[in-house]
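Following this line, the structures themselves.
The following pair of complexes shares a single chain, chain A, combined with chain B in the former and chain C in the latter.
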Partner chain A sequence: MRIRDIPRADLDRYLSTGGLDLCLGPFVMRLKLAYGALREAFADVYGACLAAPPGEEITDFHVRIDAPSRWRHWFRPQAIADIDSPAPFVPLPARLAPLMLEQGMNWCVATRVFNLLTFHASVVERGGKAILFPGRSGAGKSTLCAGLAVNGWRLFCDEFGLLDMENGEVRAYPRPISLKNRSIGLIRAMAPAGAISASYPDTPKGTIAFLKPPEQSVARDQEPAELGAFIVPVFDPGEPAAISRLSKTEALGYMTLYSMNYDRLGAPAFTCLTDLVERRPAFALRYPDLEVAMAQVDDIHRSL
Partner chain B sequence: MRKGEQNILIRALREPAVMSGLDAGQWSGLLRLARLAALSGRLDWLARQSGVFDQLPARVRSQFTSARNFALGDQRQIRWEVRCLREVLAPRGIRITLLKGAAYLLAGCQTAHGRLCSDVDILVAGDDLARAEAELVAHGWEALKTDAYDDHYYRTWMHELPPLRHRERGMIVDIHHTILPPTSRYVLGGDVLLSRARPLGEDGLMALSEEDMAVHVIVHMMADGDLVGRLRELVDVDALLREFGARAEFWPRFMARAGELGVIRPVYYALRLSRQLLATPVPEAVLRGADQARPAWPVRVLMDRLAPAALTPQLPDKPGRLAGLAGLLLYIRAHWLRMPPLMLARHLARKALRRLSPAS
Partner chain C sequence: MEKIIWRAMPRELFLWRDWDDGSAIYNQQSGRTHILNLTARIILDELDAGPATVSELAARFSLPDGSSPDGEGGPLDLEATLADTLTVLKKEGLVSSCHA
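Let's look at the complex of A and B:
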């Protein structure tokens, strides 16, 4: 059932008691959420996604957002994620609980997925060809990814590139895109009404708002795509736009650098990556602003 | 654990075929329990081994494959670390006897399949100890504990040196010179075990004899901990006994060795638990032999109730009340076995004081 179609009282009951299984892309996550405002925000951002009551699906991960201690539920309330194993989360004020939820979910994927080759990367797709942008957060890839996602591209994921090592296909996992500061207005100007969540001011990274996973991306979340190209984006307002082709060695270097589990997977990951780098072009893209970058990505996509 | 209500993870470990008939809710519980108990990789291997893997739901196969890949990564790193250790120590005439996970892996034991193992435990002869440590420190390993009390505690009272960690690879190596703390009730001298160690093919690498491997994991499980979260060790006990015990000549050697080392009591407990929870096949005569070391009935009744409860993993949402109590009582028991009362009091007092002082 789509989350927005679940009666609000039921949704609230699931999330605050036995949990709700969020079924998105390759993963089923059992979510338990303290705080009514968090459940409200979750329903708003994830409304288009499928969910099931416990027992219907096989759950991959458990994420519980709650106060770090009982009294922190009432006095200067805080939120922290519990994911069944030690993790380096720092409690956030309860008003920022939705950010903690994203952190908790991300941590599960980043540390527990070894059946797929995973990358710090944004991925979008059009015409059956996925473009993978490797890079750590702060490299400007989220803004670019969000811009593409509201301009006709299918959002695969902003945080994770998920590669099936058996066939080299990319898996979709359309989670909300976390937009920071100036990017929020930039994307809001391009996006349809209601596409962006409430803003969360005064976070450790400034103001944050989420681009909700677009309807058509969520509807096709079980549909993988072939990889078309790797693009390493570099935002540089002081320099003119430029696209340069990366050598295969450079491409392999970037991909291993930005992979989260390459070192543990070993030989199969190496084989998969060298094969992809052999068959798919890689580019470095220097861009002064979003419009230019989107046009450059279009150019590259047309050439594939 | 109440009678008749068998834990789903223990059921799957004992009879992998049950995995072909689970519903989604049961799978969610089983996969979560297995991960918490660090046994997902084991479950994957059992599923493949028993032929049910291909019938499992796609999501389970993905999770199992993930667990398998994770464990394979551990194993590759362990093999590499062992090789690095050997390159430093073997040319200097220091023989390395692998213990636990690294030993199972390099000796090709069945229990190594899907097993997680994040550090390397080695045993070296008492005479080689100082030299082994110095050589490793000279070749990129560093002492992990820096606090003077910790260092003193390890060196004076424990059965291993302060852990060493390789500067670049981050892998931890524990160098043991004996198997249990010298202060412990059971004394397993390293040199006694080394006298029966067998070569592992590669020059300078050894493993304990089969009977000593089994005795080691049993004594470790029963005497050096509170049993909570130690199902993984019981799985090792079960797998080693199944593998070695398949040859009849193993059992007399095993029991004789346990007698010689004075550890029939922990062997009694381990056989009982392993049979009860994992249906380990043990010959009648061996059970009768172990029975001679059984404790007086009040202890027996208490342990029969506490130990299986402590070993049975619980979902975090609904921890069994018995498991919590069992854990506490067994924790006290483990420390009781580990050091004399006065020393224990001093140790705990110092730990408590340190926790109170904000400087640390």
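Let's look at the complex of A and C:
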């Protein structure tokens, strides 16, 4: 059942007691959310996604967002993620609990997925060809991914590239895109009304808002795609736009650098990545603004 | 001065891809991936053909007039470059060395 179709009282009950299984992309995550405002924000952002009460699905991960202590539920309330194993989370003010939920979910995928080759990357798809944007935090991946997602591309994922090593296909996991500071207004101006969540000011990274995963992307979350190209983006407002083709050794270097689990997966991961590097082009994209970057990605996609 | 003989580790320890700008190697014992530039690859190819000292390798790489292939130095510069590269390759477990 879509989350927005679950009666609100039932949704609150599931999320605050036994949990709710969020079924999105290749994962089922059981979520328990302590604060009413957090549950409301979750329903708003994940409304298009499928979910089930506990017991109907095999759960991959458990994420519970609660106060770090009973005292902190009421006095200067805070939120922290509790997952199945120890993790280095720092409590946030309860008003930022939706960010903590995203951190908890991200941590599970980043540290405990071993059946897929995972990358710190944004991924979009059009015409059956996925473009994977690996890159460091702050490189502009999310803004570029959001811009493309509201301009006709299918959102695969903002935070993770998920590669099936058996067939080299990319798996979709369309979660909300975290937009920061100036990016929020930039994407809001392009996106349909209601596509962006409430803003969360005064976070450690400034103001954050989420682009909700588009309906059509969520509806096709079980549909993988062939990888078309790797593009390593770098936002640089002081320099003109430039695209350069990466050599095979450069491409492999970037892909291993930005993979989260390559070093744990051994020889199959090496074979998968080197096969892809041989068959798919890789580019470095330096861009001064979003419109230019989107046009350059369009050009590359047309050339595939 | 005692000579050092360098030899390549057995190829079957590695998964190996050769490209026009270098090579990618996966060491199946250590689980590490190495990206080699062309210089390192040529050195490994030479050592695959048989163990050699730095001087012997330099002699194989030198042009007939004694200069180095990149044209930037003489035989001593080439030997120094080879010795540096071999030291790195040894540290990464791609070659071994022993005293003659």
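We take it that the second predicted complex is superposed on the first by the 304 of 304 C-alpha atoms of A that agree within 3 Å, B and C clash if a C-alpha of one lies under 4 Å from a C-alpha of the other, contacts with A are read in each partner's own complex, and residues count from 1 in each chain.
Rule of thumb we're sticking to: a contact is a pair of C-beta atoms (placed from the backbone, for glycine too) under 8 Å apart; a residue touches a chain by one contact, two chains touch by 3 or more.
This one's a predicted model, so the numbers in the text were calculated from it and none came from an experiment.
When both complexes are superposed on chain A, chain B and chain C sit side by side without a clash.
Within the superposed three-chain model, A:274 lies in touch with chain C and out of touch with chain B [touch as defined at top]. Once the two complexes are overlaid on the shared chain, A:75 sits clear of chain B and of chain C alike.
In the superposition on chain A, A:55 contacts chain B only, with no contact to chain C.
Once the two complexes are laid over each other on the shared chain, residue contacts for A:266 go to chain B and to chain C alike. In the superposition on chain A, the chain among chain B and chain C reaching more residues of chain A is B. In the superposed model, A:84 lies in contact with chain B only, and not with chain C.
Fitting both structures onto chain A leaves chain B and chain C with a minimum C-alpha separation of 5 Å. Once the two complexes are overlaid on chain A, the chain A residues touched by chain B in the first and by chain C in the second are 263, 266. Those residues of chain A that touch chain B in the complex are listed here as 26, 28, 30, 54-60, 62, 84-85, 112-115, 263-266, 268. Chain B meets chain A in the complex at residues 23-25, 27-28, 31-32, 35-36, 57, 59-60, 62-63, 65-67, 69-70, 72-73, 76, 316.
Chain C contributes residues 15, 17, 19-24, 26, 28, 31-33, 35-37 to its touches with chain A in the complex.
Partner chain C is touched in their complex by these residues of chain A: 247-250, 252-253, 256, 262-263, 266-267, 270-271, 274, 277-278.
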